[in-house]
Amino acid sequence: MATTHTKSAARAMMAPSVIALLIWMAVPLAMTLYYSTLGYSLYNPISTPFVGFDNYSYFLSDPTFSAALVNTLILVVGVLCITVGGGILVALLLDQDFYGVNVVRLLVIAPFFVMPTVAALVWKNMMMNPVYGVIGQFLSSIGLQPIDWMTEVPLLSIIIIVAWQWLPFATLILLTALQSLSSDQKEAAEMDGAGALSIFWYITLPHMSRAITVVILIQTIFLLSIFAEILVTTNGGPGSQSTNLTYLVYQQAISFGDVGAASAGGIVAVILANIVAIFLVRLIGKNLDA
Amino acid sequence: MGAIRLEKVRKAFGEAVIIPELDLDIKDGEFVVFVGPSGCGKSTLLRLIAGLEDVTSGDITIDGTNATELPPAKRRLAMVFQSYALYPHMSVRKNIAFPLKMAGMDKAEIDKRVSNAAKILNLDNYIDRRPGQLSGGQRQRVAIGRAIVREPAAFLFDEPLSNLDAALRVGMRLEISELHQRLKTTMIYVTHDQVEAMTMADKIVVLHAGHIEQVGSPLELYSRPRNTFVAGFIGSPKMNLLTGAEAKKHDAATIGVRPEHIALSTSEGMWKGTVKVSEHLGSDTFLHVETALHPEPLTVRADGEFPVHYGDTVYLTPQADKIHRFDDKGLAIR
Amino acid sequence: MARRVTQRRKIGMTVLAWAVGLLIFFPILWTFLTSFKSELTAISIPPQFLFFDWTTENYATIYEQSNYFHYMMNSIYLSLGSTALGLLFAIPAAWAMAFSPTPRTKDILLWMLSTKMLPAVGVLIPIYLLFVNFGLLDSRLGLIVVLFLINLPIIVWMLYTYFKEIPGEILEAGRMDGATLRQEITQILAPMAVPGIASTVLLNIILAWNEAFWTLNLTTSNAAPLTAFIASFSSPQGNFYAKLSAASMLAIAPILILGWFSQKQLVRGLTFGAVK
């Protein structure tokens, strides 16, 4: 299908989407870049002197920044470990033959559809509250000291909440990959004398490796910008113990009104996300040819 | 009505030239078959005529008007696709009516034409089914029905039978020939199967690497192939082509003899050979005979019950007036 | 013998799988149960599971005291509006990419995807300031446009993978039959792609409904959807467990049900076709 007529029609049909996204991406990004070089406070918007890289050196040398950067990484890696590891196990379980497969499947994927604010509040109040929370009551009932999750281990609490939200995603995708493995291969391995563990290690896991990569990359994109969960639970605290990069930028902009520093932080976040995005785009691009 | 003329038509995708400059005349009412191996450009040529692809240069005239720049719908051509390309969400009736609806025809006329086409094609009983509920042959008929209701200047068929099983294919071949006899509309038919070409065509266009190798009636191509490519492509089993000393005797670089033009004997003849594999078709037997003339065994047609076995010695004698001679460029010497 | 072993194994698996499933589902189940308790029962020690006085008073309270309906309507407006806008832009684009590909098509697709990976904080400030300047802050229209833009790449991608499964010959047949470009899309392509379009719509509604960065940062009350409504419970109302639960159930129930229906398509949509 390639007459000049259809070709030009195709261009015209693509143009609105391309232009919309181009504007959406380029204009604000350019503005952020511009603001990041200004001494721009919302409390004094009249005077916005050019300050060069001052915002970056301020932002990068701020101890909160390095804390937030570390928190961001711990948050991402922690959630990834739980969701990928747990996802593989749950996917293997759901792939078994048992009564009520479909219902259990629904139960497992449900958390993914819970909006972030609900997930965070339910966990904070009803699960993790040291006195009335289910976990606290369970711990006391077996004679252990309940933990005040949000103040004692704020970052871990957020990791748990976010991992709970993303475990279904990992499970669902890994299960899809698992079920696309032909039983021929497993049977052939069985004929060759492989046990259940060797089959998992040599056949199943390599087959899932691509899906695992996809899960890791896509989740990383979303996990880098976790926001609502922190906003409604710990507010980044105590101190900056549970502040990630996204939340820090938000704080700089909204609470402190420091547009310049917040913009510099935004650019840093963009660069970080791009490093991951490059890998993801390559991987998907490769798949596109197939 | 449906005369189609291609003048200096050329098609290239970037650097890759699919069809070098080519001229072709198709008369009104003719059944023309484009035949050639896959990748020869026959489908591209059909799509150029249909308007689904642009020509890179040259002119296409349909029914006396220059159609080079016209969009497909304005060319008054109907096409039957290899996959049939039926609209899966529409009933048979709606599929057939679709082009008429697009043309803005009034409802009564549409109904009349659709039921008429359904009758001709024996689709009456399936008219309200969806394509998914039909067999391959029935889908094929719907695709043809959708083409004929438009009363086009010409029909284009793109390998329409290649998705059918062998038995159905023979039946549909007859139906399409029958349709042509009845409608007397120009038909252009693309296939890689030389049997389809031989049995259906008024005129065959043999294509190879975008070039027209020869244009002619089936019998012309059979008895007077213009070059070794056509000689080898038309006819089944293939013509035996010999080079070397035996060809020299006939003042040619290559000579060709069809399997059916070689006389067989167990006692005497021109060429001595050893029987290898025999293929028994019942009415005929095709023997593969190894000779000193040529590294490849020659194919020879024998009677259905010709009494030879693997390893027997036989003698072959080609009919003198059926030997085709070709020069060192592969062109026929006449 | 072998039969009995597999049977025993199946029962064991059933117990294990249900235990894991219920453990993962527990917070939602607990929220559901708590939403029918009185505030006092909700914080009783030890917790009560099923044998309490079931009451719907929390739902009634939410309905009467808060402006729940207002937030829900906003959620509906935002998710439907951004989805409709997305389809309007994405169907033609996906048509072009699937059926009239050029050497650059792949690059454009990947570029679109990369815009999805732009972290929101990177553009928060300019968008916020632009919204202030144009009076779009806390307006449904502004938020619809933002949600439309952040999900447009996913819609284009999903539709593209669905469209690519439709044989181009059928569209060519339509072209031969005299269909104009619009008719080709509305009368041939769209009806054939109904399942794909439906799952795209579903996924996009889910994503828009649960979006919790822009909806929290660009609204105050007028255009605030359920995400913001729930966030307002963060303190001190969060201490009213039963009411929090009722509000939460109201916020997640519709999307939970939609999500359960669209779980298969979800994989495809969220992995941009990389896992099917």
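In this document, chain identifiers A, B and C correspond to the written order of the chains, with residue numbering beginning at 1 in each.
Definition applied: a residue touches a chain if its C-beta (ideal position, glycine included) is under 8 Å from a C-beta of that chain, and two chains touch if they have at least 3 such contacts.
Model, not experiment: these values are computed from the prediction.
In terms of Cα centroid distance from the overall Cα mean, chain C ranks first. Two chain pairs, A-B and B-C, are weighed by contacting C-beta pairs, with B-C ahead.
Chain C has its Cα centroid 16 Å from the Cα centroid of chain A.
With each centre defined as the average position of its C-alpha atoms, the distance from chain A to chain B rounds to 59 Å. With centres taken as mean Cα positions, chain C sits 54 Å from chain B. Listed for chain B are residues 52, 71, each touching two or more other chains. Residue numbers of chain C whose C-beta contacts span two or more other chains: 172.
In chain A, the residues that touch at least two other chains are 1-2.
For chain B in complex with chain A, the touching residues are 51-54, 71. Contact residues on chain A toward chain C in their complex (touch as defined above): 1-2, 6-7, 9-11, 13-14, 16-18, 20-21, 24-25, 27-29, 31-32, 35, 90, 93-94, 96-101, 103-119, 121-127, 132, 134, 137, 141, 164, 167-169, 172-173, 176-177, 180, 210-211, 214, 218, 221, 224-225, 227-228, 231-233, 245-246, 249-250, 253-254, 259, 262-263, 265-267, 269-270, 272-274, 276-277, 280-281, 283-285, 287-289.
Within the complex, the chain B residues that touch chain C are 50, 52, 71-73, 77-79, 81-83, 85-89, 98-99, 102-103, 146, 150. Residues 1-5 of chain A touch chain B in their complex. Note for the complex: chain C touches chain A at residues 10-11, 13-14, 16-18, 20-22, 24-28, 30-31, 34, 42-43, 45-47, 89-90, 92-93, 95-97, 99-100, 102, 106, 108-110, 112-130, 149, 152-153, 156, 168, 171-172, 181, 206, 209-210, 212-213, 216-217, 226-228, 230-231, 233-234, 238-239, 241, 244-245, 248, 251-252, 255-256, 258-260, 263, 266-267, 270-276.
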